[in-house]
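What follows is a short report on a single structure.
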């Protein structure tokens, strides 16, 4: 049986800008990198039937999500010439305007970093068992669905 | 004659991770944003005839670059449904491992942000009159050329 | 003699909207496969029939009827909305 | 009577490798268009013929011979390498 050690991607609450900065800073010692591509998902104050999204409460089937993410990571590394990839997703409450997803790919050349980042975002939105419950300003809620 | 007020994109020296974090943080009040796409160009310690790139010294035809960037920005905003776009490019010396380009696009939906970021990066690499003089570890140099 | 699965109990975990209807986990007895499981759950929680979801067995989403044993990890997953 | 352009002086700015050869700016007299300018510069700085560059007039890259006047902003631009 294959040994699988999925890296944790989940963080409690929003992803802080300072956390992103630290992550970027750590790559300055990797002088074979020429380009970084970053995607950030931010909670949008969508209008739903006249009410507004105040925050999203994220839950996940964590075991399955980490296994899926492991597979996605392996596929992306097989397909693109990447130096590294980092993925973080929030669990729990993230307010409108805060960041809930951080995907970060780096490569010697920009094309690989950009394409890998986009494909990772698309795949994890489609494949990771994560759910967002949108809490509205009137304290009702709505279950989000990815398109 | 059309009034043109090109925004400055040039910063002296490398772009700090903390500057990027501040830029991300400022968007938390824009709650109509759902996705940010960021590209960072990092100076690579390329090997050139057995020597290594220690830093790049950037110069630009600034007036023309800012006009070009203005046109690129207008084209990208016409083509994609963006909330905002920010572009910063270093002038002067940037060491290997440091960041010399920061492109940041935001939109309600990820696709527009991602596509706009990639197209902006491609266009500015091809169209902005900016030059990088690669200073090698033995104090010789080499003029970089974009592919 | 009864078939081996007769006394088998399978634990199901549910997420999102499904967990609101049936709780975060339910135990069901006597379900040899996922089709039987769905039949049983639909009887117990009629509201489940109104909701779109997929079934994961051992952390893999299944697309056809799948046999279960007492070690099976079964999860009911509504449409994903991460990111 | 001499043609008007006879006493015209045009200032050229150069970048990157080109600036190393000819300096960051040069003035040339008596060049009615960009083709004449290139001829003159090639005589003055033979090394320029070995280097790839484009010409911008008034901050627009030109692709054919272009007339110049004393207000023209002419720039010689080697291959870009920003980013």
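We just call them A, B, C and D in the order they show up, numbering each chain from 1.
The rule is short, and it goes like this: a contact is a pair of C-beta atoms (placed from the backbone, for glycine too) under 8 Å apart; a residue touches a chain by one contact, two chains touch by 3 or more.
From a predicted model like this one, the values you see are computed outputs, not experimental measurements.
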For this session: Give me the chains shared as neighbours by chain B and chain D.
Result: none
Exercise. How many angstrom between the C-alpha centroids of chain C and chain B?
Worked result: 50
Exercise. What whole-number Å value describes the gap between the mean CA coordinates of chain A and chain C?
Worked result: 28
For this session: Starting from the mean Cα coordinates of chain A and chain B, work out the distance between those two points in Å.
Result: 23
Exercise. Can you list the chain D residues in contact with two or more other chains?
Worked result: 83
Problem set entry | Multi-partner residues of chain A (each touching 2 or more other chains) | 41, 110, 121
Seminar exercise, completed: A full list of chain pairs that touch reads A-B, A-C, B-D
For this session: Using the touch rule from the top, collect the residues of chain A that touch chain B in their complex.
Result: 17-18, 20-22, 24-25, 27-45, 96-99, 106, 108, 110, 113-114, 117-118, 121
Seminar exercise, completed: Interface with chain C, chain A side, in the complex: residues 41, 58-61, 63-65, 67-68, 89, 100-101, 121, 124-133, 143-146
Exercise. Touching chain B in the complex: which residues of chain D?
Worked result: 13, 15-17, 56, 59, 75, 77-83
